[in-house]
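Look at the two complexes coming up: chain A is in both, with chain B in one and chain C in the other.
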Partner chain A sequence: MFDTALTTADFIFLAKGAGMTIVVTAISVLIGTVLGVIFGVLRYQLGPIWAAPLIFVLDICRSIPLLIQLVLTNAFLGTILRLNLSGFTVACIVLSMYTAAYCAEIVRGGIEAVPATTRRAARSLGMTWGQDMREIVLPLATRIALPSWIGLALGVMKDSALVYVVQVTELLKSTQILITRLQEPMLLLLICGAFYFVISFPLARFGGYLEKRWSND
Partner chain B sequence: MIEIEHVRKSFGQLEVLKGIDLTVEKGEVVTIIGGSGSGKSTLLTCINGLEPIDSGRILIDGTEVHAKSTDLNKLRRKVGIVFQQWNAFPHLTVLDNVTLAPRKVLGMSRAEAEEIAERQLTHVGLGDKLKTFPGRLSGGQQQRMAIARALAMSPEYMLFDEVTSALDPQLVGEVLDTLKMLAQEGMTMICVTHEMSFARDVSNRVAFFHQGVMAEIGSPEQIFGDPQNPETRKFLSSTRQ
Partner chain C sequence: MFNYTFQWKQAFARLPQMLDGAAVTMQIAILSMVLGILLAITLTMFRLSGSRILSAIARTWVEVARNTPALFQIYMMHFGLGSFGLHLSPFLSILLGITFNNAGYLAENFRGALKAIPETQTRAARSLGFGAAGAFGYVVLPQMLRIAFLPMTNQMVWAILMTSLGVTVGMNADLYGVVQDLNALTFRTFELFALAAVIFYLITKIITIGARLIAARLFRY
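Here is the complex of A and B:
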């Protein structure tokens, strides 16, 4: 049906790119979420004044385009601090902070959505602040924040295409390399898009599954 | 024994408690009645240490609630409180709602806590709802669950803050019956309520609050039969309609 110069080796090359996208995304979302929860709780607990420095840093991570953050961070860490970091490490650092910045806001919103009266009930039973956080606030906030968090994770996955600027060959970069060589942009972009879909779909479904499971409350 | 001495408390400009003195003995049931904004609910949250006070002191078995050295989390094991809004933990089953504090605060094993929780839930008539999530329960059932949740900590004192005010009229009875049962079992209770017949039937003493002051306190017979304070009379005649 198709007349294409795409070989199995090329397809494997694309799959490796997809693998890189998954790895960079997984690491960044994992670290970014852990940091995001910590930052989000701090931001909520400290209040707007004490958390101001943190808010400032997170605002920077959210408002400067990711592409610029990647280039500048790479230059800063490599040229100025003379750290010999791989492009992969730089990509994970920048994407993690980017994820953390958005995640912190999601977490804060989730915590604020837990009714103060519910928390008061927990404290009135003799639970400490930490117990209230662990047993009541975070589980409830997770349920509230989940849809936004899934959206964030999917967004980071697609934004990870930008890490090619620090010499990480992920899915989109792999596709571009093949396009340059084979001159078949439509087919290759179609395959690339299909890869992205295959990666995103399980995450979106997993989110749907959790929402359904939690809907009994 | 709960001793409340000259307690004052303001929210900003508004003074809600203007020097309250009240002593509640072990085994006693005291109900507090009064119009909204009279400070009754605030007093309960102060007794539990959920709200700070401006001056005066509150002693529970000799421990000063608002002293810096007091471990409030420890003190609250002794003093259960149930609120107008029942505040179920919506992500936990009825059973887990009740076992959470005994397990986390008292360090009980799950089996131990579940045994107590089942007993308390059966006690308030929810023995068949253990695995249900609170969202599936009626308001009255959720409120009874909240009572069981407080009782599972084996408190020596129970504070009830208008526990029937947010309920549909047909659900009020089941919750009041639960409170009466507790009173008969000898639980020391302070109940803020708008249910005058409940106050009359259950209490050893009834206190009438008016604008942050305890205007009158006495036996239910005296308060309802022969109120001395003109404000009490006014309040009671307005509630009878």
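Here is the complex of A and C:
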């Protein structure tokens, strides 16, 4: 039972897949968060009517399976616009928008959680809108938003398992390639699952800890 | 504008097939949701039971479901169980995979909801003569489901989106599987998937709006 055909080379192959998962996630979360903050502030600032187009686009990103978003964007950029983009680029574009869509909601929730009276007080003291945003809203909203944001980043890492559809070989795809070759699904899947778990679990716990700690006062 | 001829007719000609696929997608999502809620209630009771083993099982389930990709869980049902000689059909693999995921997330939601129900509710029920099971089933559980209604709606939307993963284990009857097969036949990738995207969007919209109406009706007081 403990005999395995898994070689060191295979392990390196898996590690490369894991590296790809982390790189795709890191880039997407980074770009997605920047976009998400911009969208979230815009959405809050513009109000529900002027931000309607933005709300609609973000809603689409959240209501369509990621798999379809990837295939669709790939087809649009590749066969319609005839851009010669790598699957990696397409994956990062789609996942960034996906992250931004969720992040915008989190940011908006964070901003809305700051009491209007606090903000009016800031403006009464002579702070500009920018100062109010930076010095008052940012610290207070972060306390609300950060735990959810950690959850979002982990969600994106898990969802990045779907980018195989645009020919990016990330961890789960590498695992599947090895399963096809070695025919040892249980062992390989356990290694793969353990990797995701080891990254996700402590961070999720940390997010839960922050949420609990910051909600007390 | 584009150096590309759109062939929407070809996609629309396949609409009936795609709607059949959408029905299968709904079937999987609803079944996985019903089973998921039942399992999640069971897991919640495991946690409340005070038994170390039972709550360890529940905790492991929840953490594995929440900290690994849904696609991994579906692979586990299909290839993982397959290595024990238990070969599930694609339909069952995807159904059980999503159910596992749903149960984990919902159990966590239920746990959060339980915290919002005062302990006094149970005590009041017990002093009125309810047994432990009766107090939970008639007093705590309905309130818990009510608090967790919105997360449950979200999970339902997630379940629908997750059905598209079935294609990786050879499912070809659901919406995504049908579209993928049609794509192999016609190569109208953009048109077909755009239409599928619209169908998915409409389904999720109907569910979120429907849930809001149901909530307004159920939770009037």
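The working rule: the second predicted complex is superposed on the first by the 199 of 217 C-alpha atoms of A that agree within 3 Å, B and C clash if a C-alpha of one lies under 4 Å from a C-alpha of the other, contacts with A are read in each partner's own complex, and residues count from 1 in each chain.
In this text, a contact is a pair of C-beta atoms (placed from the backbone, for glycine too) under 8 Å apart; a residue touches a chain by one contact, two chains touch by 3 or more.
Owing to the predicted nature of the structure, the values given are computational and were not obtained by experimental measurement.
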TODO: Examine A:49 and indicate which partner it touches, taking first as chain B and second as chain C; both and neither are also allowed.
DONE: neither
Open item on the list: Quick check on the superposed pair: does A:117 touch chain B, chain C, both, or neither? Answer first, second, both or neither.
Closed with: first
TODO: Determine, under the contact definition given at the top, whether A:126 touches first (chain B), second (chain C), both, or neither.
DONE: first
TODO: Pick one for A:158: touches chain B only (first), chain C only (second), both, or neither.
DONE: second
TODO: Pick one for A:200: touches chain B only (first), chain C only (second), both, or neither.
DONE: second
TODO: Classify the contacts of A:139 with the two partner chains as first (chain B alone), second (chain C alone), both, or neither.
DONE: first
Task: Of chain C and chain B, partner touching more chain A residues - done: C
- [ ] Please work out whether A:71 is in contact with chain B alone, chain C alone, both, or neither, and reply first, second, both or neither.
- [x] second
Open item on the list: Under the definition above, what is the set of chain C residues touching chain A in their complex?
Closed with: 2-4, 63-64, 66-72, 75-76, 79-80, 82-84, 157, 161-165, 167, 176, 189-190, 193-194, 196-197, 200-201, 204-205
- [ ] Write out the stretch or stretches of chain A touching chain B in their complex.
- [x] 115, 117-118, 120-128, 131, 135-136, 139-140, 143, 214, 216-217
Task: In the complex with chain A, residue positions of chain B that touch it - done: 48, 50, 73-74, 76-77, 80-81, 83, 85, 87, 89-91, 100-101, 104-105, 133-135, 146, 149-150, 153
TODO: Flag every residue of chain A that touches chain C in the complex, lowest number first.
DONE: 60, 63-69, 71-72, 75-76, 79-82, 154, 158-159, 161-162, 172, 175-176, 179, 184-186, 189, 192-193, 196-197, 200-201, 204
